[in-house]
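Take a look at the structure below.
Chain naming follows the written order as A, B, C, D and E, and within any one chain the residues start at number 1.
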Amino acid sequence: MLEIDVARRQGDFSLDVAFTAGSGVTALFGRSGSGKTSLINMVAGLSRPDRGRIVVDGKVLFDSQSGLDLPPEARRLGYVFQEHRLFPHLSVRDNLWFGTKRLPVAERRVSLDHVVSVLGIGHLLDRRPTGLSGGEKQRVAIGRALLASPRILLMDEPLASLDAARKSELLPFIAGLSRQFDIPIVYVSHSMEEVLRLADTLALIDAGRLVAIGPVEDLLSSPAYAPLTGHGEAGSVLAATLSADEAEFSISTLSFPGGTLKVGRIASPPGSPVRVRIHAHDVAIALFPPVGLSVRNQLPAIVRSVTPIDSYLTDVMLDCGGCPLWSRITTEAQSELSLKPGMAVTALIKSLTIARGDVADRSDILPG
Amino acid sequence: MLEIDVARRQGDFSLDVAFTAGSGVTALFGRSGSGKTSLINMVAGLSRPDRGRIVVDGKVLFDSQSGLDLPPEARRLGYVFQEHRLFPHLSVRDNLWFGTKRLPVAERRVSLDHVVSVLGIGHLLDRRPTGLSGGEKQRVAIGRALLASPRILLMDEPLASLDAARKSELLPFIAGLSRQFDIPIVYVSHSMEEVLRLADTLALIDAGRLVAIGPVEDLLSSPAYAPLTGHGEAGSVLAATLSADEAEFSISTLSFPGGTLKVGRIASPPGSPVRVRIHAHDVAIALFPPVGLSVRNQLPAIVRSVTPIDSYLTDVMLDCGGCPLWSRITTEAQSELSLKPGMAVTALIKSLTIARGDVADRSDILPG
Amino acid sequence: MSLWFTLTPLEREALSLSLLVSGWAVVGSLPFGILAAWVLARRDFPGKSLFDGLIHLPLVLPPVVVGYALLVLFGRKGIIGGWLYDWFGITLAFTWKGAAIASAVVAFPLMVRAIRMALEGVDRGLEQAARTLGCGPIRTFFSVTMPLAMPGVLAGVILAFARSLSEFGATITFVSNIPGETRTLPIALYALTQVPGTDDAALRLCIISVVVAFAALLASEILARRMRARMEG
Amino acid sequence: MSLWFTLTPLEREALSLSLLVSGWAVVGSLPFGILAAWVLARRDFPGKSLFDGLIHLPLVLPPVVVGYALLVLFGRKGIIGGWLYDWFGITLAFTWKGAAIASAVVAFPLMVRAIRMALEGVDRGLEQAARTLGCGPIRTFFSVTMPLAMPGVLAGVILAFARSLSEFGATITFVSNIPGETRTLPIALYALTQVPGTDDAALRLCIISVVVAFAALLASEILARRMRARMEG
Amino acid sequence: GDVRVFAAASLTNALNDIGALYTAKTGDKMVPSYAASSALAKQIEQGAPADVFVSADLKWMDHMVAQKLVDPESRFNLLGNQLVLIVPANSTQGKIDLTPKTDIAALAGEGRIATGNPDSVPVGLYFKQAMERAGQWGAIAPKVAGADSVRAALTLVERGEAPLGVVYATDAAVSPKVKVIGVFPDSMHDPIVYPFALVAGKDSASARAFLDFVRSPEAKGVFVRYGFKVN
């Protein structure tokens, strides 16, 4: 649980944001200069709100009314800074150890070896930060924050300078961390893929104000926020259950009220809850169920609404057994198909367009 | 023209790379710590190769044999550093002006106003860099390098900390710059989207060695480099020509030897050369031409090869009028369709899966 | 070592006394120097300029005046000196301890300024990082700020040591010129210059001072270089 | 101003002479100080330690010795002084110019050390950035390195000025005590301390020195603060 | 017991020799402290552990007597010195007969007259007194370079910075680089004396014994050897 209600002026810029986020990962998403870093600096105790209140898991960190302002070190947080801030006088190993060594052994919840191997920084341990590459520094900074076994983790674009391969290794690790130890994470990112993969709650910030906050599913399914979340990113997020596992083809079948979806194999027991993001532009619509098609997911659906966006794009909202499923087609296709609310159609979704990053195994947090 | 042939040891890391790249944008792509920054530092003259030769547009910048080593200021280059390096004692305006003001007016090819408006930093001009947000700093750094009207531009992950919206504004600007003024750009990036959008030549670097270099089309179309370019990124890149423009639906039709492709409207005259990247996972295969489908692009094709990757994925190489078109389907779909080389099929590509970023208008560089 | 034995007993006495006095002057004032530098670099309070001025006082006033001031304060009849004597039986005036205090006071502004500059150069972002990692302000100071400011602290120490080695005016005024107790190198040198025909002996003392200072300087440079190299390794 | 008129003529003379001498000492030695600091901070060459040692010499040796050395070098019969006199008709001995040189020499190590520390603190990455933007090394120095090192240069200047204000030993040895020419505040002060029963007059001179130094210090603090604020704006 | 002697710095060599003789004779040690008379006086005022005070001029001793810091009964003037006019050894200036009429300002020409600071250093004070009595001070004063000790003044002449200097005979005698061109008649100034006295409250047998020893022929011999006049 994270309760934030803060206001602060800095120069011409004023920030005034209030929200409550559940445990798990809260993503802060917003344009450059919208105030994301300023906000988490206040949570960390590095800058002082002009007024407000910050509560993490019932513990009040800051309250301008009672005058309470815990210093950063009493907040037990891990902060991965936008500019890494490694200690130049310490080796990589000592940087990593910095937060751990002061902790009683009983409170150390993350092991050095594990972090080092996930981050792939074993060969750097005896180096000093100065000679490291940009991405190497960033990885060490992530490790340092994790190893402090924090009660809340603040991450400011931690993966921005990492390559795709490293990113896809780190994302599940960070997600797992939050779940395993029940650490709330506030995660600043520009990448929808990361947000989808990690976040439970999405907070959209613009020009120092909170535009919307809510479950990732809701916000990303709503075209209203598309200008903020990124135009090409409109889509639906479905909550599904892992129903079967076709080992032969490494395919997992997910069931949701609208039918079943086949996606790349998820190594979780059947019955696990799963979140699937389906990009609207990946959903094709067929008037008749097609045959002889490589497309695995063919879902019967009813057209609920047809919204032309412009001369090029048209958004179609389908109803798959009660779940909204957005499809984005060209206006030209719509002129040919003449879709109307109430029509029965088939939604086509290639299994492979549901990238691994779009399927989040959430069995650790949601009760099975 | 950029000729690089350099070797250098730093600590345990040794770099030895030689390649020649045409004018236009050369992307350096490689994992964190593979030596990308080290390489462009040598081009910039900030670190000295142990041996080698660097030539830009016929001008020798460094040659260990003749002992030539031009100092950075004589190389006339623009460098956007990975860590921005703005001058803290100067206002944003003076930072931007820093490289320009020493140039004779005749050599100033980029105007301050233009750069400022594209980068959206007009409201920051009188600020000092210290208070800027991460993305704001990065934008100023880009502007500063551009305004020096360099003969070669080195960019080290310049867009890493920018949001998607800003990125899609900047990419065409940078691409245009290179074309308009014929400035070679060496562009370090982790993002395939950026590489595709910008790069003519792609250089893949791994552990200090050049793995491959070639036109972006070739390297990205080859699954051999998929482990380096990113697994989810396999696909084809087609060279096409803009043939018609359906203004009513804001759709452009591209023709290539395999047929026509409909994509979002490109504002270029008919006949312009265009590059289209088609992700393998966005290509579905139908045994019979389907009807009543929203999918716009239905291309007749011949199966050339079927390569099972693992129990989940199978890559199918299609031949569309002589152009290779990769399709990635699930192994399960393959077991149902039983595709074999020589079979005639229909390739289905949703117009909208060809994102704007995947279509690069290249009319400025390639002769129409 | 062989050098040592070519020295006259007077030279040996003055040299070891100088090392003792300068060493203690530096070591003893270092904690206060660090504290004062930290206060000046990081705190803002009314009267800060006054405090800064007070610290610079020994630099601004001729050493003889500083010596008189010390005599008045720390002499056996002085405000502090009398109290020290009555309660602890400590006598500073006319002992090497007093010479160390005189040196320390005169060198203090130099030490503080160097350390202060070093502290001001330490990236606050790194201190913030340490705070978020669970270090309180004091721990942060010792585990991040100080190590990063170390080259500057070293510079302060070496400046103070060099200044101590040459300290004469305040010392002779405060603790006089007492062989074996307060006759350090510069005081012995002064004594020599006050009587005719001692140019050679004076020159020897000069050379001894210079050699000691060079050695200290060299050691500090090597240390500083090693520290810098470690940060770049 | 009203303060000025409450001063005795002797005090006024000593004060304006001190300001003249210290001002010139600082201004004249600043370019050399910056140069020496830059060489020490950025160059590596054989004999660097020796060079560093030479610069520290005036700090290590008692001022009287420094004064004597100046006499030998810059006196009318001295190596440099003789040459200056023969070629330019410049006499340093017994003039305020000589006093300025004595002050400059004695304050030089302090100035160099402060500037050197400031230069060492300047981020090389920023210099590299300036180079890629077309600035040669010298331009880079003046447009990036120096502005960033400015607070440290200011510290060096103020240290040197304060030290000059108190300079006595080298000055009196080199240029003697000549009313209206070389009788600066510390020299006037010293003369007073040598005569019984002049404590009040001596105290007045002390206070004048302190006030001047405080004013300079305050001005430098305000300037430094403004510089820092500008970088954070 | 040991005797702590606070003495003017110009007596360093002579008193050291005498101290050695004293120790040889009595087994007691003489612990000296040589500094400017002014510094020593202030130190004694602040409780310095001195048994004997030897000043280079009368003023500081008078001051001490007035402050009741020395035992006036024990005070005596032992040593004397002479004021001499010196020039660099290579100077062409020949010996002159110094009288109050001698035009010293003219002798200096464009140059300066190096001596102790006429307001504070004894040698300068004596010189000033002599010139005042001769009515010449007005012409001389602008030419005086006031050093902070006799030795410093001597150096200025040795190095040829000043063409003329006024120092004590004892100092001039030791330097080969200067020559004495004239001796100021004693009548032109107060007698140059070095007063000795017991520090008040430090009246010990050994201190008195030392003061007696200083006046012994043995000690006087040492002083003479260093060029002092002994009363």
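Some observations on this one:
Rule of thumb we're sticking to: a contact is a pair of C-beta atoms (placed from the backbone, for glycine too) under 8 Å apart; a residue touches a chain by one contact, two chains touch by 3 or more.
For reference, the UniProt names are C, D = Molybdenum transport system permease.
Please read all numbers here as calculations on a predicted model, not as lab measurements.
Any chain touching chain B that also touches chain E appears here: D.
Looking at which two chains touch through the most C-beta pairs, you get A-B. Summarising the inter-chain layout, the chain whose CA centre lies farthest from the centre of chain A is E. Seen from the Cα centre of chain B, the chain whose own Cα centre is farthest off is E.
Mean C-alpha position of chain A lies 61 Å from that of chain D.
With each centre defined as the average position of its C-alpha atoms, the distance from chain B to chain D rounds to 57 Å.
Rounded to a whole number, the gap between the C-alpha centres of chain C and chain D is 20 angstrom. Residues of chain D found to touch two or more other chains are 64, 68, 190, 193.
In chain B, the residues touching two or more other chains are 83, 127, 131. In chain E, the positions touching at least two other chains are 152.
Contact between chains, per the stated criterion, is found for A-B, A-C, B-D, C-D, C-E, D-E. Interface of chain A with chain B (complex): residues 10-12, 30-33, 36-38, 82-83, 123, 127, 131-136, 138-139, 156-157, 160-166, 190, 192, 230, 232-233, 246-251, 262, 264-265, 281-282, 284-288, 290-296, 310-313, 327-335, 337, 348, 350-353, 355-357. The residues of chain E lying in touch with chain D in their complex are 36, 38, 41, 59-60, 62-63, 112, 114, 117, 119-121, 144-148, 152, 155-156, 159-161.
The part of chain B that touches chain D in the complex is made up of residues 44-46, 71-73, 75-79, 81, 83, 85, 87-89, 98-99, 102-103, 127-128, 130-131, 144-145, 148. The touching residues of chain D, when paired with chain B in their complex, are 123, 125-126, 128-137, 139-140, 143-144, 147-148, 150, 230-233. On the side of chain D, the complex with chain C involves touching residues 49, 52-53, 56-57, 59-65, 68, 109-110, 113-114, 117-118, 120-121, 151-152, 155, 159, 162-163, 165-169, 186, 189-190, 193, 202, 206, 209-210, 213-214, 217-218, 221.
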